[in-house]
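As structure tokens, here come the structures.
Look for chain A in each of the two complexes below; its partner is chain B in the first and chain C in the second.
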Partner chain A sequence: MKQSRAYPGTCADKGTRAKVRTPPRQLTRAAQTRRTALWFVLPAVLFFLLLSAYPLLRVLWQSVRYANLVNPSISGFAGLDNFRTVLDDDDFLPALGNTALWTALSVTGEYALGLISALALNANVRGRAFFRAAIIVPWVIPIVVAGLTWTWMLTPEYGVLNLWLVQAGLIHAPIAWLGQTGTALLAVTLVNIWRSFPFYTISLLAALQAIPADLHEAAVIDGAGSWMRFRVITLPHLRVVSMTLIVIHIVWTAVNFDFIWVMTQGGPLNSSETLPIMIYRYALQNFDVGAGCALATMMMGFMASVFFMQYYGMRRIASSQAGTA
Partner chain B sequence: MVIGKSAQRINSVVAYTVLVGFTIFCLFPFVWMLDTALKPLHEVQSLHPSLLILRPTLDNFRRVLFETSFPIYFRNSLIVAGSATILTLMIAVFCGYVLSRWPHTGIARTVGSALLLSQMIPGVLLLVPLYMLMRQFGLLSSYTGLIIVYCTFTVPLCVFMLKSFFDAVPGEIEQAAEMDGCSRTGFIYRILLPLSAPGILAAGAFAFINAWNEFMFGYVFINDDAHRTLTPGIMMFKSAHVTDWGGLMAASVLTVVPVAACFLYLQRFLIEGLASGAVKG
Partner chain C sequence: MKLSGLALGVGLLLGGTGLAQAADPVTLHFWVAWDPALPDAKIAQDGIARFEKLHPDIKIDVQDMSFGAMHDKLITAIAGGQPPDVSWGLSEWLGEMDRMGALADLTDAASTWPDRSAIYPSVLAGLTINGRLKALPHYLGIRGLLYHADMLAKAGITTPPTTWQELVDDAPKIHAATGKYAFGVANDSVRAPQELFTLMAQNDVTLAEPRTGGRFRNNWDTDTAQLQRMTEVLTLYQTMLAKGVIAPNATSWGWEEEDNNFALGQYAMVMDGSWMHLHEAQYPDSMRDVQIAPPPKLAHAATYFEINPIYVFKASPHPKEAFEFASYLDSKEYQSLARPTDSPREDVRGTDKWATGFAKLTPIGKTFPPIALGQVSRDMQEAIGRVLLRHQDPATVAAWLGRAINKDLRKSGELAAS
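This part shows the complex of A and B:
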């Protein structure tokens, strides 16, 4: 653009398109750009409207209506009946508790492992590329494969982990980790941590590498030990990334269906059932779409509030950083 | 660095120890998967499993490939994930172009935030309405249904990845092309696409991995063996009473192969792309 204005002569030589550049047509050009842009984004917008926006609205709509997948005669306005169905369900509170436990343990474990591995990868060691690749691998494979492989390692009769634990003298006899009400959820959580922490590693590593080296050097000259430097320099630099990571993963973990379904299907005796499993059960096993959508609506409300808190948290961090600078 | 030599040595010893520990933690399940897949039945069912294989055999692989529906699932996954990737790229190239070239226009901002938002909407919340939608259109147990649904997560992903790759193509090239009488679409096809080919391959590989790995929609929307994809299919191997673990682990190894191939290619992009795209501080 700039060039064509500076050398109108060269432009005119190029033929027909140059005519568009005359001042009265400037507006048409902007309008043209807008039209092109609209055409270009149209497919993406259509997909978004059809596959995200419309289904979301439909969840809200169905949550206040009676709807059944196999019996179309069940219909009509339900008010808050579907919500009452969910809240009165004896499995609801345990499932809510399981979801909270599963999310809290997963995110804490993932963050801890992610931070330690990122710090180690950030150190000046040989073979970093290899270590980095090895650590990312679990995150890339299908959850089904991760879940089944760990299920195999945890089997009571032939599982290698049970054998090791017995050999190490930590347990007397092999334990059916996934078959007992007390351990099933914890075992699945461990596997989730194994698969998900690499995402933290990559993100935290990127943030660590963005910290200017002279900050650390200056601190060393001032006599700061490594713990001190970690606290005063490293941690504050990781604050924003950490917060984003944690919020995203709280939501992703709370709504995760695959892991638990693959490894325990919510059992034994519903001991590892979380809210997403309940949504599936309501809608696709009991065919009660209304109740399923009511539960989904409640989860959407929960997620919206998590994002709301994150938004304000970020603003506060931003303003406090602006204040100290 | 001004840190003393001895302190540095301690630091690197600690770092190595931690990294080796993590590597074992991350890779051991794969080692065990491969190990089990190569064991004959009586060694798989040993009460004292060990890494050592006395009689390595490809029997598990042979059984999975010739006596089960695994090849059908594999083919279905290739069809679905491949088509979803191509469809996604066709949509995302143009959308990413708009987001990259005119980032401050109202259109780009609206579409950008809508896509960002849709990336945050978890699949399980859309499960019920999408199931009903697919039923309405008769797309349950069909490739088309899954391909379309996979776009819910692959399109936003690719749009943002492609946007950052397109950002790297200097605007001067586009102006030069325009002066030479190249239309906007012509520029995209003839210049932008070849120039950002590695980026497009990377975005495509990432979309493919995600589509290949997807489990829930495939599990819920597909009810016949002829259309079932690999991830739900592999779960069918595990029955309530007796599970053929040797076969299951062989199938797992084969499932991971395409993903591993994509990952090897993706590696160098993944680090930057994820760090800048997914978790922008």
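This part shows the complex of A and C:
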């Protein structure tokens, strides 16, 4: 059959387009799967855009704008003024130091306690199933409930911990653990360690159980002691899960707001104020939203750096392990 | 035919909706900060029920929270354009909320309000900014010296101290006789700046002086005499801690600890308000000997006069009903039941010690200047913390506080050039 040729843009071309309908293009199976997958992904993308991307971009935008709720007369582009406000604040460096101390002590304590308890629960002891279930209790208690309960226990007037410490002769008189500048942050840190270590226990226990038993048996036959087996067999097998746990908890702890807020609100005298508490103070107590967003932006950058360092660190470990194999 | 039937149906539907809307009661959102365990909460709830009965077209939706949470929640709600219609609040927030343009101007509504003449003129003046009435009064939180007479008697003290020096001198006698501390302070809550303000007023120290154009400035950097008097005030805090007048742990007390420990008889004296009578029902034994006296003096007698407000918000879609409800809370009926001891009405005067003891203090009452006090209050609290917890030099802290106040005024756009 001979078809007339229609040149683009000519009348003949337009007529042909009007009359001849091209059949719908058949999608390949792979393309259909891709399209279906896109529909499934769409809600997640929308949620991400709405709940993560938009607020983040909004924070970045507000960090370079004047936005003070109690002084609506000042508005507009602020450049780096909000960042200068934060850096000039006398409380910034102490809060940065508190954040570092709170994070380092918390993560170290949680890891140490989590590892010890995981090793204990991995041993073949009586009542192991009960202890494995019971150890998770602190982690499932809501933070507000745990925080308030510990606050009452630490109160000097009627707190049971002070009573026990006095009765045991460890202190002469009740101490306001949360009311003294020297003890407030440490007290909250201890409570945070108590609350968070079960997560490490569960994760490390799972990794310990994945270590082949014959490795330890062979090492015993070769005369390796328990410390040697722990150092040479156990620890290397825990390396990946440990690194993941530590990095996740560095981020979680550094940005933690609720525990400190419930127990001390950053006090007394800002002695337990960390950067997230400071962000809250800027935005929701001083109502300087611009400065709050500037500090949040700085913190976001720092946290993203930690994440990328962990990501590339893990890749290096993975590639070095592949090379060794 | 079909078309006209459809139109009729739509018309009926819309008309019906209109009728239904007209019959629907107006709901006013009312934020409060009462303690459900105390009797005044029950009295207030009964009062609201009576108002709803009297006004079947108005329903009150009550939301209860702490004063601390209320402030932050109010500010964010105002910024988000969703404040309640009416709210409890503290007098320290008046200037802040006025600057945000959040408060309804009640001047015109109040001009025809029959109960206006029953309210103390000075109270209404305290809620007026630039000639416009910006809130109605709720109660008068004037502060007096509350003391456990039995504890003082055990120490051989027959009359309460009239000066701070006397109080400091009495402290060892009280401790020796009862094993209890002489005085209580609240250094970790909104109460702390109120107590500090009383001492500042007694020593002629002004927080922020008014200038032209509704602006303010703290003068301590140029007025060295005033800075010296502020230093004396902060030194008094250090003296009370050093000499064991207050408990060492009192440095971290909030108002709850201050009130409850006094009500339980854990210490002898406190500067507090007439709401303490509410603890009589809870702790009848330890509250039985409580008496009221004027606060001890520094240079002269003065006390903090809190004109606690009821805020009506400009964004309310029902301004008429909101004023109706707010003014009901100032009615003789409601005030007689809910606020017999600290009413802002001249015709509601209790006869018990709580009412008469505090009423006598009205002439020496002083109020905060109408500035945005949010951050200023926190700085005053920090100043107390610096001298008590960090043991910093009071003169250095006083100078720091003066600078901090001016910095806060600059941020809120209220700082005068000089």
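The rule we apply is simple: the second predicted complex is superposed on the first by the 290 of 325 C-alpha atoms of A that agree within 3 Å, B and C clash if a C-alpha of one lies under 4 Å from a C-alpha of the other, contacts with A are read in each partner's own complex, and residues count from 1 in each chain.
Note that in this section a contact is a pair of C-beta atoms (placed from the backbone, for glycine too) under 8 Å apart; a residue touches a chain by one contact, two chains touch by 3 or more.
Quantities reported herein were computed from a predicted structural model and do not represent experimental measurements.
**Student:** Given the touch rule stated above, what does A:A318 touch, chain B (first), chain C (second), both, or neither?
**Tutor:** Neither chain B nor chain C is touched by A:A318.
**Student:** Using the touch definition from the top, say if A:L269 reaches chain B (first), chain C (second), both or neither.
**Tutor:** In the superposition, A:L269 touches chain C alone.
**Student:** With both complexes superposed on chain A, which partner does A:L235 reach: first (chain B), second (chain C), both or neither?
**Tutor:** After superposing on A, A:L235 lies clear of both chain B and chain C.
**Student:** Of chain B and chain C, which one touches more residues of chain A?
**Tutor:** Of chain B and chain C, B contacts more residues of chain A.
**Student:** Quick check for you: in the superposed arrangement, does A:L93 touch first (chain B), second (chain C), both or neither?
**Tutor:** Once the two structures are laid over each other on A, A:L93 reaches no partner at all.
**Student:** Kindly classify A:L284 by the partners it touches after superposition: chain B alone (first), chain C alone (second), both, or neither?
**Tutor:** Both chain B and chain C are touched by A:L284.
**Student:** Where does A:G179 make contact in the superposed view: on chain B (first), on chain C (second), on both, or on neither?
**Tutor:** Once the two structures are laid over each other on A, A:G179 reaches chain C alone.
**Student:** Looking at A:I74 after the superposition, I want to know if it touches chain B, chain C, both of them or none. Which is it: first, second, both, neither?
**Tutor:** second
**Student:** Of the partners chain B and chain C, which touch A:I171 in the superposed model: first, second, both, neither?
**Tutor:** neither
**Student:** Looking at the overlay, does A:A112 come into contact with chain B only (first), chain C only (second), both, or neither?
**Tutor:** After superposing on A, A:A112 lies clear of both chain B and chain C.
**Student:** Kindly list the residues of chain A that each of chain B and chain C touches, one partner per complex.
**Tutor:** On chain A, the residues that contact chain B in one structure and chain C in the other are 69, 157, 284.
**Student:** Residue numbers of chain B touching chain A in their complex, please.
**Tutor:** 1-3, 7, 11-12, 14-16, 18-19, 22-23, 25-27, 29-30, 32-33, 36, 44-49, 90-92, 94-95, 97-98, 102, 105, 107-108, 111, 114-115, 117-118, 120-133, 148-149, 151-152, 155, 159, 175, 178-181, 184, 209, 212-213, 215-216, 219-220, 230-232, 234-235, 237-238, 245, 248-249, 252, 255-256, 259-260, 263, 267, 270-272, 274-276, 278-281
**Student:** Mind listing the chain C positions that touch chain A in their complex?
**Tutor:** These residues of chain C touch chain A: 72, 75-76, 78-79, 96, 99-101, 188, 248-249, 251-253, 257, 261, 266, 372, 374-375, 378, 382, 385-386, 389-390, 411-413.
**Student:** List the residues on chain A that touch chain C in their complex, please.
**Tutor:** Of all residues in chain A, those touching chain C are 68-74, 156-157, 174-176, 178-181, 267-270, 284-288.
**Student:** Show which residues of chain A lie in contact with chain B when the two form their complex.
**Tutor:** Going by the criterion above, the answer is residues 1, 3-4, 10-11, 14-18, 33-34, 36-41, 43-45, 47-48, 51-56, 58-59, 62, 69, 113, 116-117, 119-121, 123-125, 131-138, 140-146, 148-153, 155, 157-160, 163, 194, 198-199, 202-203, 205-207, 213, 216-217, 220-221, 226, 240-241, 244-245, 248, 251-252, 255-258, 261-262, 276, 279-280, 283-284, 289, 292-293, 296, 299-300, 303, 307.
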